[in-house]
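Some notes on the structure that comes next.
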């Protein structure tokens, strides 16, 4: 197996990839952009790509949403959640943040640790690097850099001294990643799955989006993410990218997707795959009692049998 | 074939039965009540029963609605519409309604012709008979009866002189009848069909009836009749008797029925059968363009194939 | 106050009327039909009429439903529930039902006690009377009548010996009655009220009835009765007669009625009035927690204030 | 009046601002970010800010959507559409694109003109600048720059020679901008208006978003834009930013907003303002016939009067 991911090495995307069983020992090739990672999968240069799709603070990752919605079909086979946390790594001999005078890191990381930095290392001057991994390299290579802020994985992959862990201002930020392959066999249903679809909005009328959502709601199918993205054909023309709880092997999900297909035949099925929790957390199965009796697999099967019997009455 | 129908002979129910191809030459046994007609079919004493189900002035015929909703299953295989019209038949020698002094008929018939009678035969005194056929018999047998008001069929079946046709006050009254058999093969779809179902209301909450109607509306299935009837288990407990345009062989009808079955598994399918027009009128096919593209058989078939392909991806 | 009611005296309708405070001491005039009772109110000959509207076994009372839906407006100001129960009254000297040889009563009463009669008075021959009161009169006046079956009120109002109480086969049958007046002031809201409306179905399309029901469901308003009745303008043309839980003084009911008025401007408001329980039972208030937070009076008031403030921004 | 806008000068945002009557002669202060432009308005340092909200190719502008959804309230008072078009400006003496060896511009502009460039100026090497205005400055100041790609406004505001107009690959790209002020009086309704609201999703259940959309659809209110944005409180927690056709002065819009307020009382009204067309195009009024009869102002007014009369019946 050859994996690719949005690089460089040591960023949160590689952390996500390392959650995939076997990935730690497989070949992992960083890519310079989401598009280039996905192109490697499409071309066969890589078997699978890990890319970010959604951030609890910044929202949907447009590059990913657009890239998997168009072009050659791809399939999501897994998801991974990574808490967005930062470590403060320092030069040997520094044991007090208040003595740090220079700190190298990426702009986003600096923005997310600024509160902590102002309080705990008020003298530190910020030095911009192109990634948190690059900031850590500066610390290793340049004498005038006292510290760097980097992801836990970068700290772990390099000979760095961690002075403080978890210095981010928002302790709950999470990024969600998806593992994408060329279309192939579906992961088996686990009881706690997600299904991702891309649905072009059929027409511009008051009920168009409602007609789509009704297909899910009428079958007790919960949505965990919905994003509108422009089709590029002028203001007001959208497609929707949706994650729903459940697996296409479950009758209510299959029936909802069939309903969507009738309304919007160009919809794109991007996969059914196990829902993930944060590392160390147990994945919670869909709350079964919340599936109304008439939307269970048993109810669908009984109804289908009944209709078949009615129709079998033809001489 | 042995037919039974709500008697006595000559009433509108027999007119309805005579619209059935072959019934004119078959054995026709009048029954004293709707229940007794249906029991003859259930027991095998008759092959089919013609009974009234709905009147454009009086509404649903409760006896029929209740009798086919409970007990051993029956199946509607045809419907027939009969205009409710009355003839004035007279004793030989009477050629002017104003000279009529006595007129025999059933109470309902008298009620529906009273306006005409007051204007055209102001001297006529009403004599009550147990049916319009019985009134016509009085005219034949009794010397002091000048006239009778009866159905056109009674006038035709007996040696009676018709002085005026169509003396009813409301010229548009229509009664709808259904031909009922023991469950067997389904009549083929014609493109202008009806399907009748009996649906117990699942629960007493604001959306219960709406949940039922949504199954039809979401698939562009029109209803032509809806009646609520008590289940006998206390005020507020209902079942619904519904006629919908379409045949169970059509995908949108089958899908609507399957949805109903999931909500209310005890629903009773009473048949899909050709829609009828008034005698002499052409039956109008369902307005095909009004079936939205996403509710056509083709859309259902394409969606079902798509789902099958998705699920076939399992190794 | 002059009350009228569907007669004759002693029937269940008079029992219903006697539940009205003050009616026991007021003038009570029996009428020969529902229509004639309501006409007395319309003409001013009576102040109020008690008429049956719904029976737990037989369903809606068409005569009442149609009469209050058309003609000069009337208003329902109260409802009453009466259990349908029958007493066996006997000639002096009879103390064992098995010795009864003749029993007089109305056809409906006989039908509802036949099971008990076959078991307990197998020798009894049925003599038809025009009402249960008339049957009791026969017992008082004719020597060859051993017994009568009548309502408890008839037994109480006449010098009759009751041998058995409650001989009906279905112990739970209930009839619901409404007290009707000329339109006037509304009864105050009690927290457990009903509102009755008559709604012509606007158009024959799949969503027409759904559009009506949505007005209730979207505001958490429960329906306790829904009946379709023909308008007389041909098969498929209906109006709906609906009872809903709540009072027009409650915001969610007023908003639902306003929505109905927009869809079907010819709807007829027939009143908001206190819900009744069976005699001796406490009336249960609407289950308040079942009204969703966004459908409370407070939520409606807050939303109305907010809109007013927005619109007040105009210079 | 002091206007601010997302700078620098000459970009499409300034073009949008110049569509505002009077803005051409008013003070116009560029801001370095959307947030800083809006803060100037909040603090009173500027009277109004023009900021981008939506691009037909790139989608919603998150910075704007988030900034107007939180913090001190702001109000949208106008919108402006600007076609995204680029000019090729050149050094004196160059009259053939194929001879251009170096071209300076912003990365986005380069991306949107690359197809044209590869075909028409295959020798040109791309030189990155921080904005298209900065690229044009390079052309004016540096001898080794042959050409620049810039917005038409930059070309017009500077002493530049335009060799080609409209070299963008996608001729239909449009960006939509909004003019934002501190909350104050509402622009009058014109018959072709938009209303913008921010709606926190009340709960995570299948029907939550549907409940919101129903408020619009039930009143025939069309949506022209819907975006989901994270609240920052973890994956799956959203608010929706919505543009709807109509003005709060129209009854159906006011009723829809009142319905939303009941469901989601923390929603934020961001204004009703005239809908804009592209420069030179006439603005199209809402297609009035598409507003169903029951959602007209007249229907709402009639329903409100009817309810008032019912309630006035109280003694």
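Observations, loosely collected:
In this document, chain identifiers A, B, C and D correspond to the written order of the chains, with residue numbering beginning at 1 in each.
Heads up, the rule we're going with is that contacts are C-beta pairs under 8 Å (C-beta built on N, C-alpha and C of every residue); 3 or more make two chains touch, one makes a residue touch a chain.
What you see is a predicted model, and the numbers here were worked out from it, not measured in a lab.
For the pair subunit A and subunit B, there is no chain touching both partners.
Centroids built from CA atoms put subunit D at 28 Å from subunit A.
Each chain gets one centre point, the mean of its Cα atoms, and the points for subunit A and subunit C are 61 Å apart.
Each of the following residues of subunit D touches two or more other chains: 214. Under the contact rule defined at the top, the touching pairs of chains are A-B, A-D, B-C, C-D. In the complex of the two chains, the subunit C residues touching subunit B come out as 54-60, 62, 81, 170, 172, 174, 176, 204-207, 209-210, 213-214, 216-217, 220-230, 232-238. For subunit C in complex with subunit D, the touching residues are 183-186, 188, 214, 218, 248-249, 254, 257-259, 261-263, 265, 269, 294-295, 299-300, 302-304, 306-307, 310-311, 313-315.
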